[in-house]
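A, B, C and D label the chains in the order they appear, each numbered from 1.
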Amino acid sequence: MNEKEFISFESDYNNGAHPAVLRCLVETNPRPSASYGDDCWSRAAREKIARACDSPRADVFFLVGGTQTNAVVISALLAPYEGVVAVDTAHINVHESGAIEGTGHKVLALPGHNGLMDPDELASLLEAFHADPNRDHMVWPGMVYVTFPTELGTLYTRERLERIHATCRRYSIPLYIDGARLGYGLMASDCDFDLPWLARHCDAFYIGGTKMGALCGEAVVFPQGNAPAHFFTHVKRQGALLAKSRVVGVQFDALFTDGLYFDIARHALDMAARLRRLFVERGYEVTPSTTNQQFVLLTPEQVEHIARHVAFELWERVPGDARNRDLYRFVTSWATTQAHLDALAAALDTMP
Amino acid sequence: MNEKEFISFESDYNNGAHPAVLRCLVETNPRPSASYGDDCWSRAAREKIARACDSPRADVFFLVGGTQTNAVVISALLAPYEGVVAVDTAHINVHESGAIEGTGHKVLALPGHNGLMDPDELASLLEAFHADPNRDHMVWPGMVYVTFPTELGTLYTRERLERIHATCRRYSIPLYIDGARLGYGLMASDCDFDLPWLARHCDAFYIGGTKMGALCGEAVVFPQGNAPAHFFTHVKRQGALLAKSRVVGVQFDALFTDGLYFDIARHALDMAARLRRLFVERGYEVTPSTTNQQFVLLTPEQVEHIARHVAFELWERVPGDARNRDLYRFVTSWATTQAHLDALAAALDTMP
Amino acid sequence: MNEKEFISFESDYNNGAHPAVLRCLVETNPRPSASYGDDCWSRAAREKIARACDSPRADVFFLVGGTQTNAVVISALLAPYEGVVAVDTAHINVHESGAIEGTGHKVLALPGHNGLMDPDELASLLEAFHADPNRDHMVWPGMVYVTFPTELGTLYTRERLERIHATCRRYSIPLYIDGARLGYGLMASDCDFDLPWLARHCDAFYIGGTKMGALCGEAVVFPQGNAPAHFFTHVKRQGALLAKSRVVGVQFDALFTDGLYFDIARHALDMAARLRRLFVERGYEVTPSTTNQQFVLLTPEQVEHIARHVAFELWERVPGDARNRDLYRFVTSWATTQAHLDALAAALDTMP
Amino acid sequence: MNEKEFISFESDYNNGAHPAVLRCLVETNPRPSASYGDDCWSRAAREKIARACDSPRADVFFLVGGTQTNAVVISALLAPYEGVVAVDTAHINVHESGAIEGTGHKVLALPGHNGLMDPDELASLLEAFHADPNRDHMVWPGMVYVTFPTELGTLYTRERLERIHATCRRYSIPLYIDGARLGYGLMASDCDFDLPWLARHCDAFYIGGTKMGALCGEAVVFPQGNAPAHFFTHVKRQGALLAKSRVVGVQFDALFTDGLYFDIARHALDMAARLRRLFVERGYEVTPSTTNQQFVLLTPEQVEHIARHVAFELWERVPGDARNRDLYRFVTSWATTQAHLDALAAALDTMP
């Protein structure tokens, strides 16, 4: 395939950096710097992030990728005998090659509901665990992990997250939010809270960079200055520390200057809403998602035709669908343009 | 400190990317790409590296940083009951926060000799282990790790490496070479082998990018196509896989185009030789090193004076030195210029 | 509680050793012996077990307890990127405090059906995994674990186990059987295979001692001489090797002399069948189990009354039962007598 | 070899239980009991041990073997980024197959001096670590491990242990004492402290059972009631929990009734002193040891002759000895008799 020409809705990491992010990398390149997190851009980015979170005491760390970030944070927050509660469709449970178990901890899976955790089911799990006479022979639920937005493009409401957070506090276990696509969630039309609110309703979260316009990098935030002791060495030990820490620092400095991070989100969400309409107006069935990931049921013939025009991915087989359809994913990002959407529309409109 | 102005010999990772590497990142940025290692630049870079190694069957993988690379490769090559033999000054034994032990494996330390492993001592260790009636109660030496160049800037000769490799083959255990600064070793005036020779005399090695002009990235090479089964998933599980794999792919593509990798090494080595002469000609004591890291014995007064002009690092306390000197490190890179050396010379010449 | 007097159906490990086993410990006690598995009784027991399995090439190892045995065997059979498939009610998934995850591996849970794995669901999981384009980002299913009998007292049929085994072979992954209560399964009235047949239809299993009349000890069998390389050191590294290995060796020597192991099973099964009848004849609802664990639905009032006479355990809360009943477990062993059953019968017959 | 007849000085675990311990196992065997540590004998033994330690608040746990005990205690006391300081000859560093590294932690080795740690070297290591600007890239020394008696039969004095303990307190890291042969140390003629003193000068230790007359079992003591949270589940997760916990409980109940534990030690020490004299009086060179392990330099001819009469073990090759001697170990226990010593004396007196 000619990569120069092709139009891809495969993911939000199938492109380079947002031009403004790239520009900062270029402009700062000639300057020498401290390493291992102590460069001036990382320092500036940490301050800007703390400000954006309205969390002046926040501890902020820059790591490189999402799987790594989850493994480092989760293993730093858990005692050896504890596991992390997550829904079955959670990234850590399915698509991270057992990275959490690789650090010695079990993922305790609850059923997902369109990717979301049910606060009542969480409360029941914790209540049942602590009432179980055999609990000392079991894995202790030591923290809760949710993704925002979820892997299925859905969002926690303020009320749902509050209830999960309250349950965590009742049992004195931390709530950690995987924000690989955080901006796409916060800027979504139906999101009823903002970044400072989120920072007040969890114990740790990360602000995804890779899928939000950076080349790489994720920003871990412990909003109350509550980073585990020697978290730096946790990061180093798990190979997540960049010698040239500026690589991530410069990018987050750019992303959190003049609201770029949120602008990028808004653009992708706008593109996603239009993309969704293309399908809905033509009678295709889509799942509920207000974020930059859209999921459409397609027949093999439809797939074959569309794939001649634009790239996209199979998300999930749907056994027993009457029309033999499966679920496909279309993703937008900073790099998605109206021209891309037009190409998709053209494909749909030439469907045999 | 004003980072724009200051001159630093602290490390070879205290700067941005080599301009030619950066240019490739900029030029390729607008293009969409496959992810997780399958982008066109990663593919091209893998081919170029295999060619540079004269190892057409080589398996090449791109990871992000050095500690991570060592942990992933070593844990993939060892059985649970095995450890890795290294010298006591080896990076994995001292400065990686126990990343190897974090994967469940012991570092079996031999004494270092100016950073180098003694082939006879390696042979003795293996012989003694296999002759030990208690060996089943011990950690099996399952592979050998050497750094080239070493942490002290010294180099293995062809003969020394051949003997280590032969011992490894005798015991059927792999030899793995940490090449975080590989170019600086291969291009050193007294190196008596080249990259293809090295690729024929070990089972795995990595070509360092971070310290050789990239923003980040290391290229792991299994020269005989002998990557452990499902090495990709090993990489993913340990959080070492970039979604935007192109970030490293593009950079290595640049580094292995028109010999840039080796040009960068030559420049830094030239600067290091001049730097060394600055000290030697003025009667300072230096350790034997022909690579881009130079180590100088300095008194506290000398340190205080020089540090007013350029930045550098304490390497090691030297207890009991008659003149109260300690060992300091000066490092050159693609970013070192004659003007930097002139500033250092001026500092030395104004020593009170 | 006066432990001398009380009658307990709580478990099959709430007692000492079977008298014949104890006698052997006493008789052999004065003799010196080799250690770490090389004593004469361990050697004899290994031979007797191989013979009982009709597997002359079998590798047999003695470990101390069940959780430990599962962790050692499973971690020795898996590559780092692999997990173990088991049903959700499996001991390793619920009641071993995350021991498997502690060795770095995920338990991939299938739904249990009265404790049993469905061969079709296993085949589907493996088929789906290998068809999944994202499989390299997932945990590889590297082996299958079943318990025989299951935690719910149910049994695999010959046909069901054959199909599971055939699926394992198709995907070249080992089948491992947790036989903590192996004898109670093999001797059950409806078991349609014997020990040699079982040994031919899996890659590893263990013969439980602790719950079958020993003080402690489990015998791991690799029936085709297919123990992982240096399994001894795996055992040692995980703290599962007894210095005085004779402790387990003597007991298994006793258990596999003159069929004692199977006699113990038959006695406990006979007691369990009678116990079951006590409940059934009086109209209590029991779950299907032909082994030494019987599960009965009881109201709080019934529990309170019975518990005044004999000890037993809550197995599982049954939310929403019309009569507010929960599931209770009654277990028999070599130590159960007709007098114990009479006491239980008396309790039932004096129910207010 | 006819195991009934042969006389062995190979180890203190080459025999059965002390007759009084065995008698308790037999007498208690018919009684039912609680499991998993809650049986009446375990409870009694915990109280007796706390009393013997003069530590009424002590937490006491029973595990099965020494390697396991070290791995469970050390991994429970360390944070992920910490390692354990020990001398190079320490059991955990040499003869436990990397069990500590298997839990993710490095053993930070100091040079041993006849098996002992030098308090000054420990203080220097900790001081140097905390003064090292790179400490965040290193393994944090998180606890100290010593063996008492050491692997070479030597003993810490009160003063030496006080200084090590004081250093640990200065750095707020726990001191843990491996007492696999604790009794042999405490009862030795030149030991200048007792069990309560030891309990006041460390944070955790274990009282070895296996090598002191039990069939198996070690008692972990946290003398100030300072067991890590949920230590029970740590034990379970690492497979160190016996279902029939009474097996160890009964034995420790016996060992700590009427001072049996110390009587056993005294007997073995008396035998060891006589054994030592047999060699010394005949001009053999022995290493300094006042405990039940004696080390003798022997020529190959001497070994060949003695081995025809009694069994013993090679401890260490001594390269370059003028008379070609190596170091051999002779161990006594509760089972050693004057007749055994007479046989050894006869062997020495018939030396050709």
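Rule of thumb we're sticking to: a contact is a pair of C-beta atoms (placed from the backbone, for glycine too) under 8 Å apart; a residue touches a chain by one contact, two chains touch by 3 or more.
What you are looking at is a predicted structure, and each value in this text was computed from that prediction instead of being measured.
The set of chains touching chain C and also touching chain D is given as A, B. Annotation: B-D is the more contact-rich of the chain pairs B-D and B-C, by number of C-beta pairs in contact.
Over half of the residue numbers found at the chain A and chain D interface occur in both copies, marking it as a same-residue contact.
Taking the mean of C-alpha positions as each chain's centre, the chain lying farthest from the centre of chain B is C.
Spacing of chain A relative to chain B, judged by their CA centroids, is 33 angstrom. For this pair, chain B with chain C, the centres built from the Cα atoms lie 51 Å apart. Between the Cα centres of chain B and chain D there is a gap of 42 Å.
Along chain A, residues 80-81, 96-98, 102, 104, 136-138, 233, 236-237 each make contact with two or more other chains. Contacts from chain D toward chain C in the complex involve residues 3-4, 6-8, 10-11, 13-17, 19, 22, 25-26, 28-35, 39-40, 64-72, 96-99, 102, 210-211, 215-216, 233, 236-244, 246-247, 335. By the touch criterion given at the top, residues 36, 75-76, 79-81, 104, 136-138, 140, 229-230, 232-234, 236-237 of chain B touch chain C in their complex. Chain contact summary for the complex, chain A toward chain C: residues 80-81, 83, 94-98, 101-107, 109, 128, 133-134, 136-139, 313-314, 317.
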